[in-house]
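As written, the chains take the letters A, B, C and D, and residue 1 is the first residue of each chain.
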């Protein structure tokens, strides 16, 4: 099928590449055109504008950074160019409110909107092993199934209301953030009692919490190795804010999310915005002055 | 070796039974003697008092419910009866402060103290597959290794300071509690947006959080099935309080633990003390009146 | 002087009326024109549009509900109509971000912007006894001093950077919210121990906390009398959100504000959005099922 | 009347002195006898032991630091020496649980127990202007009225259940702690936006919050002057813990109290245990690295 792909960041590039590998005809666009180089070499066309992507696509796949980036692309001509026969597949992690708005706007054009946020890091995207959360029009989903299959380990259907897929994605991200924060607190507790965090985290992630989420972030916390960032603290804050907003819109308090938000603000205030969001480990330790204690040798 | 075992609750009984299976000579005692029946039939001796257990044991294994229960047994004659050649192995989840105190008291008698709290539920104990956290005197640990091996999948050594094993156990329990609370919040979020929690939890526990801790508690939250309790909310509260106390003693704030404490108090206030601690799922939902909304059909 | 006044709500009407009483020439505008009736009878002119207010005013006083309302008025022609000689005095409680943006927009026109948020309820406004927080251009402030004096008990200068007055207003509102929440928690504590909240609040507000903020909200909590609302819970939530946003923009966690936000969401979820924000008293009590306990006579 | 007074700290000394001034016959005891010097010079008798105080007293007034100190005195002979005709008046801030226990123990002896915790600092005690919270046996209260009148501006009766007076005292202290924390957060917010906290606190405490609690602690926060301590952070933590325990015993979450507890732990971890508990101002600022920002001149 003819696929347009917009947004060639760390995730978007391998996702688009897998469309080529699956034999689809691919047109791409990115704000910084140089990102498209390897894809073009591999056979993709580079569109002159986002709107041009819409000219002849069966499906337009979107993988933008946030509401703001996606809004910019849409209002710069893409939305107006979408044709009724097209299926718009939005992989971006955006707010529930904007997902609802965009779904309505696309549908109003007679086109089809599918929400398809993904779980997985860049290497997982490269391997075509993403978990894709799906919601939207059934017929539309069927049409883009070949494109989804090129990227997914599995697609998880969540019904016909598109933005519900975004709720699921946001709720899942809150679970990841909570896992990190719980290791941050638990590690600070053992450290404050004179125990090396590495041994503790090692045991927990080989027994009750034997999953890559825990072992990956856990070792970063234990080693206090927050660079290079897999996912930056400032992006983590943005995601937690998405969760808090989605909850506030339905009058739901999320106290743990609030605690994590405060800890991430603390991280940013201390210069950790570009560090991995597992820098929450240092925030928890700083509240108890753990480093100062050692420095003072009073511990 | 000659083993005394005190505390025959849901965990203690299978742990003691595994000593018999390993061929050790076993003397047991429990406040309610009838709990000892099957063990006696299988070959254990029933001591007339806790102190009598100490008469001839190479190792005394303790699996009491909490500080209070252990203190009672100790002050009712057990402590005074411990002989210098004996190794006291404390499997109970007790406070760090009491663990330190008891370790000192046992050591002052010339005997050896080993802290050996465990991770695992009763079926795991029965299978002899517990993860045992170990700290204390090296020589003492070597002596009781055969007894430990009879119960453990693996022993995790954490050095010579006994109470540090209790810190590790308590910190691990906080991680479990956090995992439950994070699913409680995330499930309330999806439910509040009209999504069945079961589908959400199902996906998360088959992908990023594919561990029994998550799938077990997650399904209880999704199905709102809190009985029979695997671990009661009131015991969960006690464990979280152990964490907060251990942290306060070293001047460490643990904000997530505080949030969970408040949620468990809410559960107890609403009559959920004997329900499984995953009843945190209902606490999160109640804050947003999720049931009331459905009842009012305004959702 | 010639004064234009836009926004004739509960606060705006008495503030505008005091301009007439002080002998100023007054032109008013409100989205719902009928609100202007009594002012017109008292001598004010009713403008056909917000933009018309700007035609001939020395000062334009703004008292709109929130960012959204003020933005609407501005973009519907008012901003374009402001003349260089005019001083724009913004009394509205708006976000720091929008205050900064509006200040820049007005200044870019060559006109003068003064931020002047107020503390005080409608009866205080009527008595011309508001406390006005002032920031902005000194010369501009001097020009509008007669208008301010007509409404204020006292003006509190906070320098030349206009939006800093908004920070002060927002921080002050957080203090009020915290006072309410602290009485909510303390009252729940005494009630849960079988003590009538009225006696407790009565003593505290006649001794250490003898101020109208405490005695007013305290008696509402003690009597559980949340209607008619002096200040609605949903507006309270909006104000707390302003505080959290202002703090997040400078990477500052505000944990108490987060707690209050969660409690207000709980209030809204339970149908209390139009009740006075002291309904926080019921939120605190509900967490401990205080009413249920009495109903069950188990207390 | 014949009064025994035990506990001659900063509060106890002026309270006892006022008994002499009122013409009562006074016998005193303190763990450190030298504290009694000025009282003895003024006419008091110094007892050889706490138990001796009970020999001939119509009323025994107790002003000890905490549960531990009071328990020590009681178990060292005082309790056993109390005579049936005596009224025990406990002014100490103790836990609700211990107040209940002590009340029962005293009553079991046939004697009378009155709980009478006080609000007021040492200078207020010296002026005989304390606010005294009263609960217990009516006849007992009547008997000791002359002693109470010698110390009180006003007595506030809270019924016959003695420990309810302690609940009231503890709840009142939580309100003070909340007031401090709210100023800590609000001051950090204005500072983070470049506004001097002094001007902000000055305005708030001359308008909506014109009470000594606010102006006193507020100026300490604004000036970051935490020494000498009026009330030490470590004692503040103890009081907040009393509130959390009293609440937990009735299954009541107190989220603000939890936030303050965490902030006080942070203060203690950073060496502020002996500073005034308004050092919460620095905790709030540290979370946003406010000092570091200035040092880096990036602010």
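Throughout what follows, a contact is a pair of C-beta atoms (placed from the backbone, for glycine too) under 8 Å apart; a residue touches a chain by one contact, two chains touch by 3 or more.
What you see is a predicted model; the values in this text were computed from it and never measured.
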Completion exercise
Greatest Cα-centre separation from chain B belongs to chain C
Problem - Selected pair, greater C-beta contact count between A-D and A-B - result: A-B
Exercise for the section: Could you give the separation in Å between the centres of chain A and chain B, each centre being the mean of its C-alpha atoms? Expected result: 36
Problem - Euclidean distance of C-alpha centroids - chain A vs chain D, Å - result: 51
Practice task
Identify all positions of chain C at which a residue touches two or more other chains, and write them in rising order.
Solution key: 247, 250-255, 259, 262-263, 265-266, 269, 287-289
Fill in the blank from the handout: The answer for chain C against chain B in the complex is residues 255, 262, 265-266, 269-271, 287-289, 292-293
Handout entry: chain C - residues contacting chain D, complex
Key = 96, 119, 131, 133, 154, 156, 158-159, 161, 163-164, 167-168, 170-172, 174-176, 178-179, 181-183, 185-190, 192-195, 199-200, 203-204, 207-213, 243, 246-247, 250-257, 259, 262-263, 284, 287-289
Problem - chain A partner contacts - residues on chain C that touch it in the complex - result: 247-248, 250-255, 258-259, 261-263, 265-266, 268-269
